[in-house]
Amino acid sequence: MMDKINWTQWIIIAVSLVAAPFIGALIAGLDRKVTARMQGRKGPPVIQPFYDIIKLFSKQPVALHKLQILYAFLHLVFMMLVVVFLAMGQDLLMILFAHAFSTICLVLGGMSVRSPYSRIGSLRKIMQMLAYEPILILIIVAIYLQTDSFLASSVMSMSKPMLCSMPLLFLAFLSAVAIKLNKSPFDVSTSHHAHQEIVKGITIEYAGPYLGIIEIAHFYETAILFFIIMMFWQTNLYIGFGLETLAFLAILILDNTFSRLTTTWMLKYMWSIPLFLSIANIIWLWSK
Amino acid sequence: MINNVENITVDNLLDKVASKMPLGFRFVTMTCVDCGEHFDILYHFDKNYELSNFRLSLKKGESLPSISGLIFAALVVENEIQDLFGVKVTGLVLDYEGRFLLTETAPERPLCRVPGVMMVEAGKPAEAAEVK
Amino acid sequence: MAKNTIIPFGPQHPVLPEPIQLRLVLDEERVVSAIPVVGYVHRGLEKLAEQKDFLQDTYLIERICGICSFIHSLTYSMGIESMMGLTPPPRAQYLRVIWSELHRMHSHLLATGLLADSFGFENLFMQLWRTREHIMDAMEATTGARVLLGTCCIGGVRKDVSEELLKSVLQTLVTVEKELDEHMPVLLNDYSVKQRLCGVGILDKQVAYERGAVGPTARASGIAMDLRTQGYAAYGELDVEPMVETDGDCYARTKVRVRELYQSLNIIRQAIGKIPSGSINVPFKTKPDGEVISRAEQPRGEVLYYLKGNGTDMLERLRVRTPTFANIPPVLAMLAGCELADVGVIVISIDPCISCTER
Amino acid sequence: MFTIIGNVFKNLRSKYATRLYPYEVRTPFAGARGKLEIDPDICIYCGICAKRCPANAIAVTRKPDKTWTLDPYRCIVCSYCVEVCPKKCLHMNPKHRSQE
Amino acid sequence: MFNAVSKSPWVVHFNCNSCNGCDIEFLACLTPHYDVERFGILHIGNPKHADVLVVTGSVNNRNARVLQNVYNQIPDPKVVVAMGVCTSSGGVFAGCYNILGNVDLVIPVDVFVPGCPPRPEAMIDGIVKAVGILERKRKGEIFPTAPKPLCKFKPSEEQSAEKTAIKEEKTV
Amino acid sequence: MEIMSFNILLAVLIIAPVVFGVVAYLSPDKLRSMSIILCSVIVAAAGIMITIKPNNQFELPGSEMIATILEVAIVGIILYIAVTIRNWLILLMSLAQLGMIIAEIILAQTGHAVTHSYDFATDPLTKILILITSIVGPIIAVYAIGYMKSHQEHAPPTAASLGQFFFFFIAFLGFMNGLVMANNLKWFSFFWEATTLCSYMLIGQDGGESKKNAERALLINTFGGLAMVAGALWLAVENKTESFEGLLAAKAVIPMVLLCVAAFTKSALLPFQSWLLGAMIAPTPVSALLHSATMVKAGSYLVLRVTPGFHDSPKVMMVITIIGALTFAGAALLAVTQSNAKRVLAYSTISNLGLVVACAGIGTPLAYAAALAIICFHAISKGLLFLCVGRIEQKIGSRDIEDMGGILYRMPVTTSVALIGMMSMLLPPFGMLLSKWMAIEATIRSPLILVFIILGSALTVFFWSKWIGRIQTSSYHPKFNKESIDPAMGFSLITLALGVLLTGLGSMWIFNKFFAPITKQVFAGRTDISDVLWNVFNAAGDFAAVTLFVAVGIAFIAYWLLVWRRFKETDVRLPFLCGENAESTVYTTSAFHNSEGIRSYAFRSMGDKIENSWSSTTYLKNFICEKKATIWLNIIAWVIIIILLGEAHLL
């Protein structure tokens, strides 16, 4: 309830709302830098994403029609909501829903325009959702099995790091993160710099500030995902941070050692190995 | 100068062309040359790096039957000839109707020689740009 | 039931480096039909060549395409030479071979790099182009230009290459080979690359033959055809074998290119080893007259020049049939029934060069 | 799978391949065709270069005064003119034009 | 703010009519040896996200409208960089029947990069210059189409006053 | 206020519709509309009144006899129909049904005493269904006035008369009310069969092809009827009772399972789903009323009614849950493959009914509350969606989703209403999402079910967003079209849309105010069940609901301030078509697909011709085919049902 939130919580919410995009942007900047170095290039400065965002907001706001932009706003707001929920340690399922709806809004925005590439990208985005959503839910199930609670805050009450009890789920989750960040081999619906058969896919018709909104939402999302990775070692922040770095490098290496594969492949893969890993992990937890 | 040239006519064109493929010839391309009164249309076939050609002389204004029904690959070049020389090619599998390489705004039949005018001034000299 | 998707694929499309439109009809994401729409790069160069004199044409012809430019001017020169009865001196012939093969290498690296880009392997693209840069340097060092070499002329070549430079080219080749050894396994053995290439865009031998495929496209379908074996320029004295694969899919085409890269390395080494000294061109006074067909093996396949001179400075007709021109009908056969995601890959796998095609 | 990973780590370890162009300029290759230059004092304004240039980039006038004009936005840097000039007053500067 | 516009120019490349020479040189700019991403440049492939339009090749009858469309789809502020002599005059192709000519017949161009093809270094110069213009355009300055100065030489005897000054005099 | 006693209200609810139906049948067009409206008002008023009254019971003297006679009569009618359409299977089954009824009578005559209980009663569960029937029902009936007017103009000559249509349509409301209030199984069977009959007649309304589909519906539902009568007979013989009360008290597993099978047929769960799809051939109001909002809910109502007593047969409950969950996921999967709007809606209905059954099977309070919430929210939303589709179909002459692009501009009101309906099926803060959330939380302890529910939810999101994406696809229009709507249809659409919006926005509140107390009542005094999730859910739900509102509000306000007001026509750009966009600002309104304002999706193609680009939606053709998937799902479902029967027998 609103009235039950005390001022520390308000501060936490405010701080996380402000900090998340910065962290996300920083990660994106590091991503670009490290990717460049992996390819033997010098690469852009680490704060490049900030320049990009500022630039996007100084561009002319062009669009195909008005409705499209509403969805960009909703996309961002739901992403922010996820951050708020996480900061409040709220129900994990609700967090997942909010996150899913954020994505759905992006999809709807992409589909609301009469632009074939955008629509194809949107459909692929839904496929991506189909691919990773079960894993996210299974992670929640695993958390529930251990804590008997759906609350995000309950994770902190676990005495052992989550990674110890859900190592396989962690691996599966990394695949999901790769999808969410549109990294090879999963960058089917849109992709940041690669040249794709559907051009920019789902974001193709957003320009200027509206693209900026979507980018910011993406930063939020990145921050959220990395926060969740950190939660896998909730008992020690430093180790959690190390875990995060490792995961970050792993995803970048994945990005740089794989080509983009097809949607069909993605679905098949995600519904076989990671799903199998997750279910195995769940069964193990269940039998414990 | 060009070896293995056989003269053919519009009437036996299709038969001749059809007879080439079973012999293991690969269709290479066609060349159209404007010879003033008529077009020389050369059909090039290749077997073991050896070209063998048909030469068809087509009167201006006459239409050329398409061989794209026999050899799909000829489609592209026939459309091109139709564009660039204004030769009407009949029976194309996919007819771009003279809009293959050219658009409405482009000159018509650009590769035809206009009698009398042998050379169009190619490009403007540098002064022209300077004046502008 | 649902209508089919109709989209233009190109002309301005990041996967296609060049403007060509494929009008795709898709059922969900499966291609039902693909119709090429061209003319975005049509310049009308054949006409212009008739209006410049045949010496200037050498430079014009080079600019049919920046990727395979040298071999264009080479084929053109060979045509004019045979019209005028000239035989370039052997050193020129060898230099021509060396530059041709450098061109082939840069073109193949470019093509495979673009292919990697088209299936989203950015890193591989970067690495291949990085390797390519060595070859560009070698070309710039030997000719003075990176792309449009401008060194082939009628009767020989314009520029001699010193022994040191040739040595440095060999040196470059060592680097290139080392890097190729590193990258080629990625192209050939990587799981994800194979996923995208194997079994995609299959062109079987019969169709390849009927539709007149040339170059790596044809060779990948099992048609052993390489004009270099006919021994134009100095190829007759060098060891050239057509590189043939039989699967006819994108993977086979890539493999042909990869093998040709090594082959080119080998040829250049042979040529540098055997290169005689002497003059680099022959003087001439005559004007081209008569009709001639000249053919050579471009990176993408057989190029055919039809030249008709009339004893004046101007040619009466110059016609170029480039390899991509011949490869367009086969690529349409490959596209039918493929996935949208593979359209770019398939198109790039024949290494299309539209500016060659449309001139 | 992961066949390129060795290369990735190699790149991470070693210095980047990038030439930091505007800050560090590589010396051009000797004999590179960067831009066309003329020594106007040797030139006899015969106009042969202008006639031979495949791109019509040169204009030479003798009257009212002697000028040799190059349209650098037309020149295809082929150095054909260098070859045909009887006085050899044209030469190619290995530096490219915008690098002045 | 931070001149952000000039620090994050996203490029869309349209190959008009080029012989690919300029094209591949431009692509080479993206690759490790030149790496224009150092300047924040992304080859984005979609005009709606772009700030810089890189054109190679001259305009012909069919692609003029495409060029126009691509240009129109780029939101302001935007700059156009024309690579190669084809873009500035038609280059060696001037006079071809299907060539309309230079790119600035169709869209305003901010930077012309001479050369056939320009070296990647020259292209980088061009883009860097264009990016400066981009920032000033954001501030509302209006730019005319870039000039294409000729290089005019006269025998130095005739230049009695300043003997050495005119090596490369530029006129518009 | 005892203005009207319970008994009178009851009678009004059941009998008034039938009477008005007869009036509608006999009267000419004008009067018919009047009588329908009047009936609607009366039923709605009575429905509301009976719900605000305390729970009550009613016993009819001699009801045994009346019910039996009515039941025999209705089975007789079905028999007659079976003979006329020469469907021997139906004939056989109704004969068996008749036989069992007679057996029961004979039993009673031979002194086999059966405990009597009251005949009709209201309790919270009943009241929810009455509310749905008597509020959503009349609204749809009003819509039908407008709809049928133009439907009849284009109907084939084989179509039955409007009078007949409205008779069954209106009378159905009464039967439905009776059905949910009946406590006595005899009465229940009668109403059950009566709704089957109505459904049959209404599906076959247009004659021809539709007759076949009606026949299938009748066949499957007769099978259900058979199961039900068998259950009743068993109950009477073994447990000497014939009321739900008795059933629950006796904990008789076999009759309960038989009743559940009957419920599955009516709710069209797998493997009985085929009739509901066939039923989509009926005029859209029928689909809306019978085949999504009310009649099919009878099945899930029955499951909800009987399951609370069987917590000590966990295996049976488990199997019921599995069937529900399988249906939920399976129907959603099939819905993904469909492009026919009504079939999508049908599958979605089946899917949701599956979820209700699954929740009922889980049987914890949270699940029970979720089931109630789904029934309620689904009825409103789905009713609305059907009405929208009906209208769209009449307007564009197609029920293919792919043809619905651009209707946002052509018929903004209907489309917005439809959008609201669809959003309410999957987006927060609408009730459906809330219910699904509860369902997931409730199933957390049974991973198998959870997997189904997760899959089902994901697929649900998939097909809805595809559809939403399609209908809102549009180009830029400076102004929207003015839409002219038939007043009756307009009224229904707007009321239902308001209903959806209000219940949606207040879903958390409604939940806490109504469903939670009802559930508590149902589970009152049950110590064997505790639900730790309950409180957590409430707290979290509250917080989520409030923040969601705030967030969405912020988004809208920001959007309005920053974009809506400032958006200029000059900021409009054409879509990315690889640079080959054809001329832009050509406004045409002629052919349907060109009525798109700016013809922005045109591109120049082969030979410089201008062509329209088009992008269809994916139906996962690469992955699944409806036919094959149906067969497999049916096989699995049959296996599960057989297991269920076996399970019941063993206990």
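Note that the chains are named A, B, C, D, E and F in the order they appear, and that numbering of residues resets to 1 at the start of each chain.
Everything below uses one rule, namely that a contact is a pair of C-beta atoms (placed from the backbone, for glycine too) under 8 Å apart; a residue touches a chain by one contact, two chains touch by 3 or more.
From a predicted model like this one, the values you see are computed outputs, not experimental measurements.
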item: Chain with minimal offset from the mean of all protein Cα atoms; value: A
item: Chain pair, C-D or B-F, that carries the greater number of C-beta contacts; value: C-D
item: Whole-Å gap between the CA centroids of chain C and chain E; value: 27
item: Intercentroid distance (Cα basis), chain F paired with chain C, Å; value: 64
item: Chain centre separation (chain A, chain C; CA means) in Å; value: 43
item: Chain centre separation (chain D, chain F; CA means) in Å; value: 77
item: Two or more partner chains touched - positions in chain D; value: 1-4, 8, 16-18, 20, 54-56, 69-71, 73-74, 76-78
item: Set of chain C residues in contact with two or more other chains; value: 5-7, 9, 11-15, 29, 35, 39, 42, 44, 47-48, 51-52, 59-60, 63, 123-124, 126-127, 130, 148, 190, 192
item: Multi-partner residues of chain F (each touching 2 or more other chains); value: 573-574, 576-577, 579-580, 606-608, 613-615, 617-618, 622
item: Residues of chain A that touch chain D when the two form their complex; value: 34, 36-43, 253, 256-257
item: Touching residues on chain D, where the partner in the complex is chain A; value: 1-5, 8, 11-12, 14, 16-18, 20
item: Interface residues, chain E side, partner chain C - complex; value: 12, 14-25, 27-28, 30-33, 43-47, 57-58, 60, 62-63, 66, 70, 91-93, 95-99, 116-117, 119
item: For the chain F and chain B complex, residues of the former touching the latter; value: 606-608
item: Complex interface listing, chain B residues touching chain C; value: 1-2, 21, 26-29, 31-34, 42, 44, 49, 51, 71-73, 75-77, 84, 94, 99-103, 110-111, 119-120, 122
